[in-house]
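Note that subunit A is present in both complexes that follow, paired respectively with subunit B and with subunit C.
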Partner chain A sequence: MGPTINIVKGTIFTIIYVCFTIIIPVVTFSLLRGYVVEGLPLDFTQEDLNNIIFWVTALGLVISGCAFFTHSSPKQSIRRGSFALIQVLVNCLYLWSYKFSGATEIIFDLDIGDNSGFLSLNLQQMVLVYLGIYFLTIVLKVYDVIDFTINREKIRYDRMKE
Partner chain B sequence: MGFLEILADIFGAILIFLKPIVESIGEWMVDWISASMEFLKQNFSSELTIYIVIFIILIVSGVIINIIWPGDRPGTIFSKGLDKIEEKFEEKLDIPNDIRRCKDCGNPIGDSRVCPLCGAEND
Partner chain C sequence: MRPSRVFRWIIRILILVLTLSVTAVSFLGGFSAIMILSNPDNIGFDTDNIEFNFDANWTTPIEINNINFTLPFNFTNAGYFDLEDLKVSFQIGLLYWHVNLTGDGLNKTNFVKIYDNSTSFPTIKKGKTYYGNYTGTKSDFGNFLGNFPDYDEIDVIKDPDFELYANFTLSLTYSLGLHSIRLGIYNISIYEFSVT
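Our next item is the complex of A and B:
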């Protein structure tokens, strides 16, 4: 594949990652700000919202940049493997930033007549399970980098032959 | 439904069996991610500029590297440039070397017998 096709591929994936890691979460959190469930407003402060939006945007930008580099690189190249690994690592931080921003703990304040209280929904365990699965992805990416490095000459030969 | 229950039981058994390993992996993941996030929060949580710069650097360097090393053949931009320079150089070399020059001063004299510069006679 020529450089133009590589760059087009990278651009398409960057757009997809920008949508999924920045635009959709930011829009969702912004909508969630004023969302009311059955008359019960979500306990979601402006500070939380700003915190979430900052980290989602910041890490989303890094992920999208890495995605461009990864998907515009030739198949089985060392640079593709390396940036795929970096992307997965940044993705871990991205997922964890939800926890720090308080988005994994949603608190519903209940005030019904004379009775009042709160309902807390903790999604931290779900994030931890997801990170556990992600560890396997990290292992696979490390394996890919080692594989691409060891078999560099053969991969290059096969690629040139195509 | 029965099949799904069996499947859930199998997955549950696998998870219980792997629990000691999975938990330690999870703790390790949490440790390094927490440390990294803490570092980022302390040093790079004030403005987005640094992340925008990283994004732009990644895109620009990705484009440049792809142009130079597309992967399926040797680099294009430099080799093309080199080819053009070589072509021009070859064109320059096509200038005939059999121009007659003055014996005394080396000035090109063409077909004339007397050098227009120094006046020396060339046979």
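Our next item is the complex of A and C:
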């Protein structure tokens, strides 16, 4: 596969990751800011929103950058394996950022006549389960890097044959 | 295909299955939470039928012989998963008109906490309704009984002399523990009574 095609592929994946890790979450959280569910307003301040958007954008950009290098590298190359590993690690940080930026706890304010209250939905455990699955992905990517390094000659030979 | 590639594909498929399973459970859990919470009848604290017994000798200091309450409640699990770790925390505050004998001579309303406890309830299976009673006995009131005012501190001209207000906090986990939900309602008037 030629270098131009690799760069095009990398660019396409960068755009996909920018959409999924930055644009969709930022738009979702911005819409949530003024959202009212069944007459219950969300207890979500501008400061919370800024904090979430900052971390989502910062780590989303790093993921998208890694995605470019991962997908523009030749298949089964050490470079591809290394960037894929870095990308998964940053993905874990990205997921964890939802927890520490406060996005995993959604709180609605209740106002029922003379009474007040709150309704809170905590998704922290869900994030932790996803991180567990990411751990398996990290193991797989480490395995890839080792495999690509050990079988480097054979992979090159096969690539030449193609 | 090299054996390592086959191994990689097996692990990839495993990760995909895990991710899809967790995503499906999360989605159904979120949807279930909306189904439960969207119907006000699913969570009901029947404050109109609270049974509150209070027996005291109105002396100074006050002697409380007995105090207990029973609050009926129901919880309907309208979702797709069992509802676990159901815990109800309950605080009661006592509001009374305080006769100020020592300060600036102005009477004022006083609000003191007389009860703060929590009780766990069993798992509610999907589609089932749990009808329970939240009970508080004299021993559950514990040291908070010391917060009751003495007889000469109460302005008994006011009617009622005492008003009880409650705060509820209900917490539970859902969809195999992936979602934690807490519901708090404050300042619910539950009971009122007079010395005479």
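Everything that follows uses one rule, which is that the second predicted complex is superposed on the first by the 162 of 162 C-alpha atoms of A that agree within 3 Å, B and C clash if a C-alpha of one lies under 4 Å from a C-alpha of the other, contacts with A are read in each partner's own complex, and residues count from 1 in each chain.
By definition in this document, a contact is a pair of C-beta atoms (placed from the backbone, for glycine too) under 8 Å apart; a residue touches a chain by one contact, two chains touch by 3 or more.
Quick caveat: nothing in here was measured; it's all calculated off a predicted structure.
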Overlay on subunit A: subunit C relative to subunit B, clash or fit: fit
Inter-chain angle, subunit B to subunit C through the CA centre of subunit A, in degrees rounded to a multiple of 10: 160
Contacts of A:28 with subunit B and subunit C, given as first, second, both or neither: neither
Partner chain in contact with A:140 - subunit B first, subunit C second, else both or neither: second
First (subunit B), second (subunit C), both or neither touched by A:64: first
Superposed model, subunit A: greater residue contact from subunit B or subunit C: B
First, second, both or neither for A:130, with subunit B first and subunit C second: second
Subunit B versus subunit C as contact partner of A:117, first or second or both or neither: second
First, second, both or neither for A:151, with subunit B first and subunit C second: second
Shortest CA-CA distance between subunit B and subunit C [superposed frame, angstrom]: 9
Complex contact set, residues of subunit B against subunit A: 22, 25-26, 29-30, 33-34, 36-37, 40-41, 44-45, 48, 51-52, 54-59, 61-63, 65-67, 70-73, 76
Of all residues in subunit C, those that touch subunit A in their complex: 2, 4, 7-8, 11-12, 14-15, 18-19, 22, 26, 30, 33, 37-38, 173, 177-189
Footprint of subunit C on subunit A - complex, ascending: 38, 110, 112, 114-126, 129-130, 133, 136-137, 139-140, 143-144, 147, 151, 154
Of subunit A, residues touching subunit B in the complex: 1-3, 6-7, 10, 14, 54, 57-59, 61-62, 64-66, 68-69, 72-75, 77, 79, 92-93, 96-97, 100, 128, 131-132, 134-135, 159-160, 162
